[in-house]
């Protein structure tokens, strides 16, 4: 269905996620939400206290009111245990949507995600479904400050490369309120494990028209969000907005950039990227993650193999700096890719 | 110093590691070894029982006899806890060499490795040294069997990509007994965290002349192990041997392959790869890890950027299949790269 | 129960011979010596109850009713195996009988049982989930996290610790800062008991009470079974490097199968009847081995199947 | 001790005003209300002893002797900060005074204390290490793993649980399947006590005994301090969504600073003397803020320094 057909309203990215969760929970009683303070004030309804947090980005606020504590579970701080419990629940008939507050915490539950959830279908010879959705927030602020600092090395990471690396996991990175809702609904419908990466900054900053009711954005499909003939900019999550900003500035200088929003990192939609490069003959991949063994270099390598003959110039990657995320604002401002760095990379290709 | 200067003897890869640990422990009382059954039969010396295992690959056997239980610590099964303890010990004056039995278990201690050890120097503004060595075994068997099976999805992984991805960690992958000893001694001397990846199969299969006494193989340097003018094969760990095997077969057909043994994945010795490609104009990267966001694609992408003008053909990557490691031998035999697949990739370049 | 115990023993004995004959089956962790635990616990379960297993899971599989023919085929890497030959000894799974998987990452199966119990709660069934773990696994944080979750949510989980005294070559008295793993139940407001794991009836009684408690909404329990691993940690492990011969001899004296057989005879069963059960098990294994050997190997196309759960609405599923 | 407690209070009050005035400092977890814990515990330590901290670590830093000027500079992201502006509130570290780091990955600091204690053992010193953790962290498996390791190795570790009743918006009575975190000490053959965390002398006494035990080779201990977080989890958190106003009022009645001040006066100190200490702390903070504001920002080249520990013999260090 197309957006035109139904009523839409302006929602933030996080409100769109909330909308998706609510619709899925209404339709399917086996869908449940769990994580740290996905509601908050657990067990205190009798004191008139409930839903104190609704998740770090408030994306789950209000769900406990409609669906109750039986389907909206606050968890103690024990990522390995409760993600493992979500895996066990998914093995036995539920469709849990479990939240890992920040992707930086993946190290506290990595085994359950990459050794258990990701591999079960294969290891077990396809005898079970594992309809598990893992939601997690990632990324740096995305706005510049003159002094002070951000969330630093352990609360600002992107890290989807260490999830996409592992066969069996699907990893999606929405960029707008519209595709956040559609990808979340697709993830919940998927009978296997899907990680949904929600950018901290987009959560509140990305507002847009979102259709009422259910619709899905297909997992495994990239989207050309701007047409251009001179160079392809491939973006992920917030970086897609950085690419669009760069594209506008480049247009002013007479360079027409095509922007591809990858949307799904695993399985990657190689075809859409290759088709674009076949038209533009130049590629810059923009990624908020650190460079070594990154998705940026993954995409570049695929094109250097399968799209080599179309290339008129080197493939550039613009990534986060090759260091932990610094606290000081003046340093953090230099950390993630911005439009100027993308433009500089493009200019090297002509 | 060169091998010629001193007496050498034939050791296996694991014996070479053992030799390195022993020499380092003799010279420096702050070096200690810890992990699950690095000795075995803990606490039973009074019953005449000790050193029952000496590690899964026997690389630590004999150390407890010489250095005692105070410096050779068997640990309970609690990777997060004992790797964390090793981090704490490294922060406070020791040089621990901690063993994670198999890299497949990284998910049980990932936070301590990538959020704690890797980031401390940076987060803390360089105020401390963190002389920590993490030893871990990786990889599939490396020999073909007609039926039955191997160690399957959770005991055969390679996974160094998810370590190399994280800034602050050094990751080395020795390929011979000689460089295993030299890189292990370099890792122990290094004042920061270094992961040493030891291939299960090479541990016993790779035999070679190893000098007595201490020497280091520099971290951060790749090595050209075979000269050739037609194509560069970049290998990692056991894959270097696969590359050499392929090179011999290719030579028979008149194609001279240059083989680069990467040895260190982070920080990667880009220069040596680029210099080789500048000579050969063709590149195939061979990696036992799974393809998405892999080191193979990382190396390919760096060359597609900085070596583009030298390339006469697409860059090929030969990696493990994009799936978990299957148990059945007939499937596992198809899983990891072998000389034939490398040769097939090379042939696509001409 | 005797028959099931005998079937486990027979299975492991066969595997041992096969492995020693050189049949490659990857690492195999023999359950021999611990039969009374798996069988005693599973005898207290319904077929729609669940168990989450460990790396030493063959006994759990047989006890929960997994077909030994499919198990053998799996170990041979055949496409007729429980996991189509893709998993092997360390991943044998049969959800159709509530067996949620042999799991060789120590401790990681325990939260799966918590999740299964949560599923029962949410779906409004009275199913119970058992989490098996070794005394070595008791040092893994995830086991504590699982116990805390099951306890605060009062879920129908039975934590069964198989204390066989060793984790690989590491003695329990070294690795555990407690005398009994069951002592840790108090830290989670759970009932914890330690029973003779070589006495199948004692195990059954304790498990039965714990299962009743779970089914009736009284929450999780911890049952520690003191047992012994008769063979090495896996093939090729020399136990005499870390266990005294006397200790092993004494432990073998308390062979759960012989103990139970003696009891049955004492209670008036005919030796003949009991022998017949053993004979039946031998036949079953003859058939299983024959079935496994005759079964086809997976085709090369199987390398890339089942990577994603098939999922019509999701493009990725086709990958 | 009163002076230190006052310094923590003054620091946090300043930070709160600064943050509310809009000075960007990233997430700040105020220690206000828990001063007696950090100060009471650290008063029992030598300067060469170690502490591993939590995300709520400002109090631990001050109590262990970290210079508030450097702390303020760090929070301003200045190169004169404890971490050269690279770490911020959640990573303040000063190894020169035995402060091994504020650590915002819940529970992950506890094994660092175990490692430090192991280091003391191996190097033959009698140093002790303290592991602070919140009652919320008590659900993390790593904390249990750390306790088990410290216990089997009989290491000089003091585990200090700051039970302030909440983990973000989650009440302890919901998340913890035990009445007292100290009850869990028994699971590791450790002594465990629960003390009034608002009474600095009670905290000191318990810590002092635990430190003595550690120093004399009697192994680890667990001290649970019942306390209260006066402000939100971090700036912008509305506590009244999960805490009753009455409860907050009652808790503020037991302000550890006021309690201690009253006690000092009762024991004959002059109000003037005590006021002088407060005044001194205000001056210290005036200086600290001035120092921080006057300090230079890190230069752009600092983005890529310290990624690797400098290491002459290793090529990578130059990267």
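Miscellaneous remarks
The chains carry the letters A, B, C and D, assigned in the order they are written, with residues numbered from 1 in each.
Note that a residue touches a chain if its C-beta (ideal position, glycine included) is under 8 Å from a C-beta of that chain, and two chains touch if they have at least 3 such contacts.
Note that the structure is a prediction, hence the values are computed from the model and not measured.
The chains that touch chain B as well as chain C are A, D. The greatest centre-to-centre gap from chain B, using C-alpha centroids, is found for D. Separating the centre of chain A from that of chain C, both taken as means of CA atoms, is a distance of 39 Å.
Computed from the mean C-alpha positions, the centre of chain A lies at a distance of 32 Å from the centre of chain B. Averaging Cα coordinates per chain places chain A and chain D 34 Å apart. The set of chain B residues touching two or more other chains comprises 76, 78, 80-81, 104-105, 107-108, 111-112, 115, 122-123, 152-154, 167-168, 266, 322-324, 326.
For chain D, residues that reach two or more other chains under the stated contact definition are 83, 85-87, 91, 105, 139-142, 144-145, 148, 152, 174-176, 307.
Shown here, the protein chains touch in all possible pairs. Touching chain B in their complex are the following residues of chain C: 23-27, 74-78, 83, 85-88, 90-91, 104-107, 136-137, 139-142, 167-171, 173-176, 238, 241-244, 297-298, 300, 302-304, 307.
Note for the complex: chain A touches chain C at residues 29-30, 32, 70-71, 73, 75-76, 78, 80-94, 96, 111-112, 115-116, 120-131, 167-168, 170, 186, 189-194, 216, 218-221, 264, 266-267, 269. Chain contact summary for the complex, chain B toward chain C: residues 36-37, 40-44, 47, 49, 51-53, 74, 76-78, 80-81, 104-105, 107-108, 145, 147-155, 321-324, 326-331, 334-335. Per the touch definition, chain D reaches chain C in the complex via residues 139-145, 147-148, 151-152, 174-179, 183-184, 186-190.
Within the complex, the chain A residues that touch chain B are 104-108, 110-115, 118-119, 122-123, 152-154, 159, 161-162, 164-168, 265-266, 268, 289-298, 300-306, 308-309, 311, 313-317, 322-324, 326.
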